[in-house]
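Chains here go by letter, A, B, C, D, E and F, matching the order in which they are written, and residues are numbered from 1 within each.
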Amino acid sequence: MAAFEISPPDLRELVGAWLAEDIGRGDVTTTSVVPSDVEGRARIEAREPCVVAGVTAAALCFELTSSRFERVLEFKEVVGDGDRAAAGDVIARIEGPLAPILTAERTALNLLARLCGVATMTRTYVDAVDGTGARIVDTRKTTPGLRSLQKHAVVVGGGSNHRFGLDDGILIKDNHLAAAGGVSEALRRARANAPHGLRIEVEVSSLQELEESLEEGAEAILLDNMTPDRVSEAVRIAAGRALLEVSGGINLDTVRSYAMTGVDLISVGALTHSAPSIDLALELEE
Amino acid sequence: MAAFEISPPDLRELVGAWLAEDIGRGDVTTTSVVPSDVEGRARIEAREPCVVAGVTAAALCFELTSSRFERVLEFKEVVGDGDRAAAGDVIARIEGPLAPILTAERTALNLLARLCGVATMTRTYVDAVDGTGARIVDTRKTTPGLRSLQKHAVVVGGGSNHRFGLDDGILIKDNHLAAAGGVSEALRRARANAPHGLRIEVEVSSLQELEESLEEGAEAILLDNMTPDRVSEAVRIAAGRALLEVSGGINLDTVRSYAMTGVDLISVGALTHSAPSIDLALELEE
Amino acid sequence: MAAFEISPPDLRELVGAWLAEDIGRGDVTTTSVVPSDVEGRARIEAREPCVVAGVTAAALCFELTSSRFERVLEFKEVVGDGDRAAAGDVIARIEGPLAPILTAERTALNLLARLCGVATMTRTYVDAVDGTGARIVDTRKTTPGLRSLQKHAVVVGGGSNHRFGLDDGILIKDNHLAAAGGVSEALRRARANAPHGLRIEVEVSSLQELEESLEEGAEAILLDNMTPDRVSEAVRIAAGRALLEVSGGINLDTVRSYAMTGVDLISVGALTHSAPSIDLALELEE
Amino acid sequence: MAAFEISPPDLRELVGAWLAEDIGRGDVTTTSVVPSDVEGRARIEAREPCVVAGVTAAALCFELTSSRFERVLEFKEVVGDGDRAAAGDVIARIEGPLAPILTAERTALNLLARLCGVATMTRTYVDAVDGTGARIVDTRKTTPGLRSLQKHAVVVGGGSNHRFGLDDGILIKDNHLAAAGGVSEALRRARANAPHGLRIEVEVSSLQELEESLEEGAEAILLDNMTPDRVSEAVRIAAGRALLEVSGGINLDTVRSYAMTGVDLISVGALTHSAPSIDLALELEE
Amino acid sequence: MAAFEISPPDLRELVGAWLAEDIGRGDVTTTSVVPSDVEGRARIEAREPCVVAGVTAAALCFELTSSRFERVLEFKEVVGDGDRAAAGDVIARIEGPLAPILTAERTALNLLARLCGVATMTRTYVDAVDGTGARIVDTRKTTPGLRSLQKHAVVVGGGSNHRFGLDDGILIKDNHLAAAGGVSEALRRARANAPHGLRIEVEVSSLQELEESLEEGAEAILLDNMTPDRVSEAVRIAAGRALLEVSGGINLDTVRSYAMTGVDLISVGALTHSAPSIDLALELEE
Amino acid sequence: MAAFEISPPDLRELVGAWLAEDIGRGDVTTTSVVPSDVEGRARIEAREPCVVAGVTAAALCFELTSSRFERVLEFKEVVGDGDRAAAGDVIARIEGPLAPILTAERTALNLLARLCGVATMTRTYVDAVDGTGARIVDTRKTTPGLRSLQKHAVVVGGGSNHRFGLDDGILIKDNHLAAAGGVSEALRRARANAPHGLRIEVEVSSLQELEESLEEGAEAILLDNMTPDRVSEAVRIAAGRALLEVSGGINLDTVRSYAMTGVDLISVGALTHSAPSIDLALELEE
C-alpha cells in the first residue's frame, strides 16, 4: 500500500497540461487526413519485457483527447500496473473514433514508456534483495513534474517511497551538517524546532558520526557511501536503536551485498533519474 | 538560432510549479537546522564531462526559492549553455542566504542533470555526422512537461528541432496512411485541407511509396527504418524534389553511414527519451 | 474542413469567463423578480438575413448558466452553423428554467450576433468570387480573445483560414524586410533558421521583389496593394512556382476582378475587424 | 470620472492572454529573420481622424512582449486617451529591441483600433446632444472579454457607463415583466427582495406602464422604443419623480430630438457592438 | 430570497481549495490504517442547539473527497439550512467508503461549525426584534474568503444582506467624509460620479449631518453610534425621506430598543466576526 | 522558530484573492468621493489589549491595493508580530494616496483582528502553563483558507504547531481505531504502511489503550478527555517511552493542572476556532 497516490483530479490536470503541450491549437495532420467519423481499434504493445506502470495515465490521455472531440472511446487495460509484460504482449486495447486515438498516441506512449521503465528497474532491484528484509526505496531525484507518477511506479515495481517532498520528513544531509557545525548540533536544533510528528533522520559518513547520531536520539540514519563491511559494522553498532538506510554507489552488482548486512532501507536514485524508457508501440488493427 | 525558445515568464511558471512539487509547505529540515540569517557560497560542479544546458532554469530555481524567503542571492553562470564542461569543472557559483540554496538544490540539479544529458548526447551525434551536410533533429518523444527545455538542449547541443507539437507541421505517419488508405489519398487530403503555411511531410516505408509521394507533391519525406543503401537510392530518386529525413534504427554506430547518403535530416528519438542524466553536485564552500 | 477548431473544453473555459464578466456575483434582477422554479420557453430569432455561426457557443452560455443554478435546460439548434437564416427565422429554441435563460441571454446574443456577422460577410465575399478558383482567407486582424471563434465563422461562411498565430506559418512582412535589408536576405535567413515543417511566405510590393522572391525559393508570396492588372502580371511571372495571395484595398466591388487574375488566395481583414453585428433577439413564448 | 476602471494587474492578465493567443509558441518569422540584438524605432499612426482610447493597453502589449525576450523598450504616448487625432497624427512612439516590437504589433493594433472606434463613435453622439443635459450611456451589448476596456473607451469619448454587469444594478426588462406578470408585481418583488443599496429601474413600453412604475416607486425608468413625442409626454408625466432613460431606434439622425425632450439618459448599444475599427498602422523609422 | 448566492461551481472551487489545504499530498493516517474498500456509515450531530447553515458546503467536502478516490458516497441532509437542531440531533447522514469520510471530516466540520454559528447568532437577533419591522443586516466584517457563505448563513438565520462588496453599493463613511470635507460635498460628488443604478448611503454621527444628508438627497442614512432616543428623533426628522440604518454599540440587550424606534435596518458586525463556532461531531455507526 | 511559514508569494496570492472578494469591479464609493491624487496618513490602532499577529498580511492588503491604482504607499509597522499592544496603541502607520488606504481598510482589519485574536488567546494559555515544561499546541480546527496564518499567529503567541495537514504526520483517532478494530491492529498497520519519516501518534481514551499503544511502539500518544489525575497516572506509565499529548475539555481554568502532570503537549482547538476578534480601527490623521 502506497502512503500517497496522486488523486484522480490532480492527475487529470497534469495529463491535460501534457496533452496541451503536444496538441497546441490542434492536430493538423490528423484533422486534415482522417475524417472525424472514422472508427478504429488499436493496441498498445510492449516491444521488450517490462513491469507495467502508468496505465491509468495513458488511459486518461486517450479519454481527455476524445473529449476534445466530444467523442467517447473505450480503453481496456489488459495488463495492470505492477504486472509483467513480455515482448509482444498487449498492454491495452483502445476502440472508438480514430482521430483522437492518433492525436493522443505520442503523449500516452511518452508517459507509459517512462513509467514502465521506472517500475521495471525497481523490480530488478527488489528481486535482487529478495529474502533479505531490506527495502528498496526511491529518492527525490525525480523528473520535475513527474514525482507522483514516478513514485507510484516505484511502488508497483515493489519498492517503497522515501519523502514526497521537503515538508514530510526531516533528512539532515551533509550540507546541513556543514551549516550547523556538526552532527550533534544539527540534531539538537532539529529536535528543538521540528514538528513533533516527524522523525529525524541524519546522513552520516563515518561510524563516529553514527555513534554521535545515536546518542543524540536520531530515529533514522543514512549511511552515505560506505562499503558493505562498514555498513555491517554500523548495523552492529546501531543495534536496532534507529532505522538504517544506505545510499551512494549502489548498483545491481552490489545491492545484494548491502542488503545482506541487515540494513533496513536501500535508496537508489537511479530508479527515477536513469531508468531507460521501455520500447512500446501503438498499432492499429483491421 | 532556435526557432522557438520558451519565454522567461513561461519558464518562471514551470519552475515555480516544479519547486512547489518538492517544497510543499516548506523545507522542514533546513528551516529547523539552518538559521535564516546565515550566508553561504556554493558551486555546481560537473562530475563527468558534458555539454551544459539548462543553466537559466537552474538559476531560476535558486532565485525563486530565495524570493520565498524575501531574500536575494547571486547566481553566477561559469559555463554557459552549449559549452563543454570537464569532470570537476564549476558550472555556476551561488552566493547569498544559505537556506534557500539548500532548499532549491535538488530541483535545480534534477533539471540541470537531465538537460545536460540531452545536450551531451546531441553533441555526440552532431559530431558523428560532422562535414556531411546532414542535420540531427529531435522528435516528439520528449518527457511530458519538459518539451521546450529539452528542445532547447538539443539546439545548444548542435542539433535542430523538428515540430514543437501537432499544430506546427504536418507529418503523415503510418497510422494516418492506414486510415486514409494509402500515400496518394492521404497526400491529396492534406493538400486540400491543411493551412497553406505548412509544408506536407509523409512517412514512407518503401521506394514505391517514395515515388508516389513525390508525384503527389510531398515537400518532405520521412524514410522509415531503411538501410543506408536504401536511403542512398531514395536520395537519388528524390533528386532534390523534397527534403529527405531518415528515422528508425539509428544509433551512434550507424548514424554516419546514414549521413553519408546525402539525406537532409536524421531524427533521433533517443536524444530526448534516453539521454542519461549527467552526474552533478552542489558543494558548499568555506 | 477547418484545420483547427477550438476544443470543447477550451470553449467551455472561454464562455465561462465571458459569463463571469457579465454575471459577477449574480443576476440581481432575475433573482429578485423571477422565482427559481418557473419554467419557460424562448426562441432566438434573426431580425435580418444572415449566415449563422456560433450556435455551439451560444448553447454553452445557456447550459453553463443553468448549471450555476444546478438546473438543466434544453437548447435545440434549429439552424446550424453555415446555414442561412432569413429575417424572422428561428435559429434555436430553449426550454427549461426561466431564470438562467434570462441571465445568459445577453452574453449569448453578444457572441452569436458578432459571429453571424463574420460568417455573413465571409459568405458575401465567397459568393462574389464564385467559380474563379480563388479562395477568400482571413487575417490576424481578429478581436482579441475571439480568434478561434471568428476563424471558425470564416470557415462556415465558406472562407479559409490563414495562420492561427505567429507560430504556425512564416510570413515575412514589410517591417521584417526593412529590418533584414531586403527580400533576398530575409528569405535566406528564413530558410536557414525556420523549422523545416513551415512554408515561407513573403510580402512584396513590386514585381521586382516578386522575381527576387521566386529566385530565393519563396513558397508563397503576398502581393500587397497591387491593382488587378499588376496581379495578373504577377500570376504570369510566377507561373505556378509559388502560391500567390493578394491583400490590401480589396472590397466587395473589386474582389472579383482580383479573383479573375488567377491568384490563389485573397485575404480580407474586414471579415474579422469590420463585420457588423447581426440583429438577433431572444423572445419568450407562452 | 469613471466609477470603475479595470485595475492594472487585471489588464495585465487580459493583455497577456491576448498576446498568448497570437504568439503561441513564438513568433517564428521574426525570430528567424530579425536578429535579437537589433534596435529600432516605430510609431503608431492614425490613418483617419479619431478619438484615441486604449493607449495603456497597447503599451502593455509591447512591454509584456519585450519582457518575453527579457528586454526593455520605451513606449511614449503622444496622444492620450480621450484626445483627438487627425489622419497622419502619431499616437505613440516605441523605441527599443526591434523583435518584440514586430511581435506585439498586431495584437496592439487590434486592440487600439477597436477601442478608438468606440471612443470616436461615442464622441459623435455626445457632441450631437451637446447642451441638452442628456447623457449618452452604453449598454451590456459589449464584445465578450472586452467590457471593461470598451466601457473605458465610452467614458473617454465623453459618455457615461450603465451597469457593468448583472450584479451592480437592477433593470427589469420586458422578459422579466412577462415572467412576473406585469410592471406592478415585478416592482413589488424587486422592492421586497433586492439589496437596499441598488436602485430599481424598469423598462416600459407604454405611458400606462410608466404611470404604474411611478406609482410603485421605480427610481429609474427605461422608455423602450418610443418616439420623441412620446418621450416628451413621459418626461412631463414623470415630473422628476424618477430618472428617465430612452433606448431603441436611436441613431445619429434622431439622437438630438430625443435629447431635447429633457430625458436624463440615452443608451446606445451601437457604441460597443457596431463601432467600426479605426485604421491605424505601425511604421518603422530609420 | 437572498439576492446573491454563491454559484455551485464557485462553491466547488472554494471547497476544493479548502480540502487541498488540509489534505496536501494525501491523508497518510487513513491511507495507512483503513483499507480503501471498507464501507461505513456516519452521522453529523449537533452537540448544542443551533440554527443550521452550510449543509451544502459540508456535503461537497465529502463528495469531492470521495471523488479523489474515484468513489461515490451518499450524503443525506437531515436538517436543512435555516432549520433548528437541538443538542443530539442528527444534521446529516453519510454512507459509503469509509476512507474519504474520515479524510473530509475535519474540513467539513470546520466549515459547518462556523456557518451554524453565524446562522444561530443571526436568528437570536432576528427573534429579538420580532414584530418591530426592523431588519437585521450583516456588514463587510466577514472572514476573508468566507463572505458568500457567511452572508448565506445570515439569510437562512433570518437576516438580510448589506453590500456584498465595494462595488455594489455606495456607503460614504466617516473617513470618506473627512477626505471630502463634509457631508454635503461628499454627497454632491457621489451624485455626480456614481453609476445611476446605485443608491447613495451616507454615515452620519449627528442629527445636523442627518438633516444635511436629507437635503442633499441621500437615499439611505447610516446613524452611527447613537442612543435609541437619538435614533427615534432621527426617524421623526427623516419622515420616510430615506432608509435609516443604525450601527455601532448594538448587542442583544439593546437591539430591541433600537428596533422600536422605527428604524429600517440594524447592522450587526458581530454576526460574522464574533459568532462562536457550534460544537458538532462526526460519529461512525455500526 | 516555526517549522513552516507561508511563503511571501503564496501570501500575496491569498491576500489578492481576499481583496478581490471585497473590491469586485472597484470601490465605487471611494472612486466617486475621493479624488485619486489626494494623499493622506492613517494609523491602525488597538482598541483593546492584545498580542499582535498578521501585520505582514495587513501591509500586503494596502500595498496590493495601491498597486491596483499604480501608486505606492508606505506602511510602517509600529508593533511587530508577537508583541503586546495596549488599548490605544498604534500598531502601524500608513502614508500615501488616500484612496487605496480606504479601499483596503476593511480587508486589512478583518484579517488583523482575527489573527491578533488567535495570538492573544494563545499567549493567555502559554502564560498559564509557564514554568511547567508543557507546550501549548494548536489543532486542525482552523478556519478554512486561513490555516497558515492562524498557525503563524499561534507561534507568535508562544504556542507550537501540530500537523499542518493530513500529510505531514500520523494521528490515529477514535474513528480510525473503530475502523481498524482496535489500537494494536491500527498501530501495526500504520507501522507497516506509513512512510518511515513520520512518527506514529495514536489517540487513546483509557490507560489500557495507553499500555497497548506503548507496547506497539507508538511514538506519541494523545490522551483524550482524561482528568488531570488520569493524565498523571499516564505520565507515570509512559515513563518517557512516548510523547504524551492531552486534548479535550481543557480551558483556562484547568490548563495549568494538566500542565503540572508532566505531559509534553496540550492541544487547544479553541485557539483557532473560538478566539474572538480584537477590536481595531483605522483612523485618518490630519
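In this text, contacts are C-beta pairs under 8 Å (C-beta built on N, C-alpha and C of every residue); 3 or more make two chains touch, one makes a residue touch a chain.
Everything numeric here is computed off the predicted structure, so don't read it as measured data.
The chains touching subunit A as well as subunit F are B, C, D, E. For B-D, the matching interface among the pairs A-F, A-B or D-F, defined by over half of the contact pairs being the same residue numbers, is D-F. Remark: among chain pairs A-E and E-F, E-F carries the greater number of C-beta contacts. At the interface between subunit D and subunit F, under half of the residue numbers involved are used by both copies, so each side presents largely different positions. Chain centres here are Cα means. That of subunit C falls 22 Å from that of subunit D. Look at where the CA atoms of subunit D average out and do the same for subunit E: the two points lie 35 Å apart.
One finds 46 Å separating the Cα centroids of subunit A and subunit C. Subunit C has residues 1, 3-4, 24-26, 28, 31-32, 164-165, 167-171, 193-195, 198 in contact with two or more other chains.
Residues of subunit A that touch subunit D in their complex: 24-25.
The touching residues of subunit D, when paired with subunit B in their complex, are 16, 25-26, 28, 31-32, 67-70. Per the touch definition, subunit A reaches subunit E in the complex via residues 1-5, 7-9, 148, 164-165, 168. Residue ranges of subunit C in contact with subunit D, taken from their complex: 14, 17-18, 21-34, 38, 40, 42, 98, 102-103, 105-107, 109-111, 113-114, 140-147, 164-173, 175-176, 178-180, 186, 189-190, 192-195, 198, 273-274, 276-277, 282, 284. Those residues of subunit F that touch subunit A in the shared complex are 1, 3-4, 137, 160-164, 167-171, 193-199, 201, 219-220, 243, 264-265.
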